[in-house]
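First chain A sits with chain B, and in the next complex the same chain sits with chain C.
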Partner chain A sequence: MEYWFTEEHSDNVRFSIRTNKQLASVETEIQRVDVFDTPEFGKILVMDGNVTMTEKDEFIYHDMIVHVPMAVNPNIKRVLVIGAGDGGTIRELCRYPMIESIDMVEIDEAVVDICKEHFKTTSYALNDPRVKIYFEDGLRFVRSNKKVYDLVLVDSTDPIGPSEGLFSREFYGNCFNALKDDGILVNQHESPYYDFNVKAIQKSIKRLREKFPIVKMYQAHIPTFSSGYWLFGFASKKYDPVKDLNEEAFNRLGLKTKYYNTDLHKGSFALPNYVKELLDYDIK
Partner chain B sequence: MEYWFTEEHSDNVRFSIRTNKQLASVETEIQRVDVFDTPEFGKILVMDGNVTMTEKDEFIYHDMIVHVPMAVNPNIKRVLVIGAGDGGTIRELCRYPMIESIDMVEIDEAVVDICKEHFKTTSYALNDPRVKIYFEDGLRFVRSNKKVYDLVLVDSTDPIGPSEGLFSREFYGNCFNALKDDGILVNQHESPYYDFNVKAIQKSIKRLREKFPIVKMYQAHIPTFSSGYWLFGFASKKYDPVKDLNEEAFNRLGLKTKYYNTDLHKGSFALPNYVKELLDYDIK
Partner chain C sequence: MNDLKKDQSRAPIAEAMETHAYKRTVAFDVPGHKQGKGNPMLRDFLGDKCLRYDVNSRKDLDNLCHPSGVILEAEELAAEAFHAGHAFFMLNGTTSAVQTMVLSVARANEKIILPRNVHRSVIYALILTGAIPVYVNPDVHPKYGIPLGMKLSNVEKAILENPDAKAIFVNNPTYYGICSNLKGIVDLAHKHGMQVCVDEAHGTHFYFKSGLPISAMDAGADMAAVSMHKTGGSLTQSSILLIKDKKRLGEIRQFINLTQTTSGSYLLLSSLDITRKFLALQGEQVFEQVLRLTKYAREEISSIEGYYAFDEDMVNHDSVFALDPTKLTIHTRGIGLAGTEIYDILRDEYDIQVELGDLGNILAIIGIGDSKAQIERLISALQDIKDSYETDDKSMIPFDYINPVVKVSPQTAYYSKMSPVLITEALNKISGESIMVYPPGIPIIAPGEEITQVAIDYILYAKEVGSFLTGIEDTNIEYINVLEV
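Coming up: the complex of A and B.
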């Protein structure tokens, strides 16, 4: 017997993963959540049919969403995380002794429950005493806070579906207000490879630029995500992510990382021309 | 009716592409070659079941195999290309006015015939008067030349199958001898993501290091290749690919490229820690 999970990367492209067993399948109030055990990627988390995390390559996504901003401003103390129910982003944040508090806002409590059961290598971090979890809509949560955070991380699902509001003008404006004067916002920004994603990315970066003086995109290779090529947005009131990278401070911490290093940090902002073009960068 | 082409990226991972029509299917003396027309990637070239080129993303591979060495040494005049039957590598080389001659050694004449018929946007370059095509075994061809080339490009298929010899100690030794004292060798080096590829990469880089004083790997995102994450090897007798990058000379040429730029050149050598580890690099 063969048993495969298939994700549609576009209408014309399918990515299929051999599975040993389905470990969970839950229709929450927000979305459908599945967990499979697979021979290639270990356990995988699937939300509304999209792979959102695998045990094999979650380190790539979590290294890149966390260590890039942390290596730019080594004085980050208060962090707001939107989404991140699997705990991976929280795990990486908790490795920094200077972080004093992490507010995590996850709209779907069921995701946290499922991850606590099936993904202990990421979800254990949710028990860190610095972490406070709010089960509510990130869009609403961020409205009520002014100039309190050093860093906002938006670890959301795709802009089509429950996370749509997390790519909106209103949300970015509220994040701007919730950040201190040297605050940084980082959000996952989809793949620029398939045409149907490109428009969402362009709209989102335009909105970020309306609000933040510094907006740069950076890239990572995440093989189990659509096209394997992923962008993150870095928006800041003060710091340039490459010029202000504090290599010495990061390396002094001695954090062992499986993907991130400070050379790769700089390289990840060097985008291919076709991506610069769609993001409306100057191309030299 | 639905009609799909499926490639096995590993025993446990399948990548499927919707097809409009099969345009060719030939059993040559060397391998099976198929051409499909597809809605997502345009025409795709498949060799022994592996996608080796698509109209949509061939620019990534061809930019990265050609412009990286050309931007390091702007005085390259004589080039040897092994493989490259589709013509894409030759097309990019022919954009450099300083190149005087290109010897192309393709073991399978049928590949060139098929590409001339179906992939005119790459194969037209094969008619450039500087190009001389030899239909023979690259392994044998390279034995007979001493210190004649400025650059050797190995644009081969995978190390398992007809191209196995192109990753051997003997082949690298002969390439070293065929290169001038400031010669550069660049070869496609597979994806480091799936375990079964890792051993072949490790063996190959070890052999390159036995022969060349400077050996560095660099990366690109090629979504239609296995894992989407691809490595190239840069081996040289004299030039460091980053320290000796001649940005000014490259940018003075004014070549419009869809993937490559000199910032990305530097970034492409900044590898993730898990790759540095498997390549036995120092990790700071």
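Coming up: the complex of A and C.
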């Protein structure tokens, strides 16, 4: 007997992972969450039918969302993380001794409960004393804070669904206000490969550029995400992610990473021409 | 909340359409697309099921002009749900329901009492019937610049001055969710032998949720027009006309058939039928959720300095007798922006569409399809707009009510020969047009009315202070068309 989990990457493309067994299936107030045990990727976390994280390749995503901004400004002390219920992003942040506080805002408490049970390699970090978890809408949380954070990380699901508001101008505007004068915002930005995503990415970047003086995109290879190719957005009031990269400070920390290094940091901002074209088209 | 005896889980029209579809009858009748087969482009666009259900009146599906089968049955179910004697399914919008009310209560040269800011559909109905309007001043809120409800004392004055009037027409709730003392008005009118017609376009939900302001039927009104498609959830253009006295069914049906289509759309009919079923069964819960959302939005928005979301504290037990709590009206002058500006910014910069913006306010309709996440977007956008666009101009243009002097009926004015004259030279002439002033969206002058010195002065004043004037052919507001004598 064979059991396969299938996600539709487009109307015409399916991505299937063989599963050993289903470990959890929960209908929360916000979304449906499933956990499968798989021979190839270990345990996988699935939200509303989309693979959100796997034990095998989560290091790529979490390295890239955290170490890129941290290597640009090694003085980051106060961090706001939106989403991140699995704990992976928090785990990487907690490796920096200079970080004093991490506010994590997750809309769905059930996600944290499920991850604490099934994904201990990421969720253990949620117990770090510097971490404070708020269960509410990120859009709401960010509204009430002015100039308090050095870094905002948006570790959310897709823009279609519960995270829709995290790709909007009102969210970016309120994030801008929540950041200090040298603040940085990094968000996951979907795959630019399939046409149906392109419009959403263009709109989201247009909104980001209306608020932040510096907006650059970078990329990573994530095997289990749609098309295997993923973009992140780097928006800042002051720092250029490549020119202001502080290689020395980062390397002095001696963090052992599996995907990220400072050479790759620079390279990840070098985008393929088709992506450059779609990013520049009608957005500058 | 209702004392229901019929089985509200039935939807006779929709059920008949389903049964009909199973029969796979060979169709040699209209519509010509023949279940979509004849128009594949349209079928692909709207969907196969939609076109299969776009059928013609047939024996088993009844006939809208003279219902005796499933349409009548569905109307009777709706009547029960709306606490009415009968409920007519209207397919030409609430406009046609309003027109039917006016046509049925006042003939040529008979008087009808109405608030000065009635919907244009009422004025059009007056043109059709030849009735004479008697206007009542709707109070205007001094700070927020919106028209309110009719004061009971003003209605009483109009009744005493016009004891021969046939009916009173009430806007309840208004677009902004303001309610008049409907029960008081109904009792007063009935005491003087006048009928009460209610434009209840924005009040469908009053019938399905306890604790909301009183509905027209519960207040004892004779007729009411409810836009099922506005807050109820049926398809755009589908509406319901309610009458209190079932004995008048045949008489009112004749007035409806004067203007209603003879090719009633079964898509619209079934949407009314199913929506009534949905609201009768689940209205209490779904509107409870709407109330939770609007309450939350109101509190969050009012806590942002500079915004005020209309709330219970506006109620004055007269011109604001009650407030529909599902309406979210936000006064925006406190951040130095007009509602119209915020309306545009929300749409262009934030991809958020609200229902309307006037000079002082925006109105967001929160309904059965909204979620907390979407409310958060609106609140956050308003916060960001304040942070990005706030100005110091927090003034509001004042408004004075101009008493109209009706000389000839709107019908006579409409069919008269007209010629343009300078507004400044139009004293004592009879207007052929109406001039509306925003805020608050009340006419200064309307067709058939004498152009008084007060009106001329006010138009010039409104132009000077930057009010938005509209309604007449000359967009520079210099010439006005007057009746030739």
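Observations on the structure shown:
Please note the rule applied: the second predicted complex is superposed on the first by the 280 of 284 C-alpha atoms of A that agree within 3 Å, B and C clash if a C-alpha of one lies under 4 Å from a C-alpha of the other, contacts with A are read in each partner's own complex, and residues count from 1 in each chain.
Assume a contact is a pair of C-beta atoms (placed from the backbone, for glycine too) under 8 Å apart; a residue touches a chain by one contact, two chains touch by 3 or more.
Computed from a prediction, not measured in an experiment: that's the story for all the values here.
In the superposed model, A:Y274 makes contact with chain B only, not with chain C. In the superposed pair of complexes, A:N174 makes contact with chain C only, with no contact to chain B.
In the superposition on chain A, contact of A:G228 is made with chain B only, not with chain C. In the superposition on chain A, contact of A:T122 is made with neither chain B nor chain C. Within the superposed three-chain model, A:R14 lies in touch with chain B and out of touch with chain C [touch as defined at top].
Within the superposed three-chain model, A:E164 lies in touch with chain C and out of touch with chain B [touch as defined at top]. Set side by side, chain B and chain C differ in how many residues of chain A they touch, and the one touching more is B.
Within the superposed three-chain model, A:L139 lies in touch with chain C and out of touch with chain B [touch as defined at top]. By the document's definition of touching, of the two partners only chain B reaches A:L264; chain C does not.
On chain A, the patch touched by chain B and the patch touched by chain C do not overlap at any residue.
On chain B, the positions that touch chain A within their shared complex are 4, 6, 10-18, 38-40, 59-60, 193-194, 219, 221, 223, 227-229, 251, 257-261, 263-264, 266-274, 276, 283-284. Residues 300, 349-351, 372-374, 376-377, 379-381, 383-384, 387-388 of chain C touch chain A in their complex. Those residues of chain A lying in contact with chain C across their complex are 137, 139-140, 142-143, 162, 164-165, 168-171, 173-174, 177, 203, 210.
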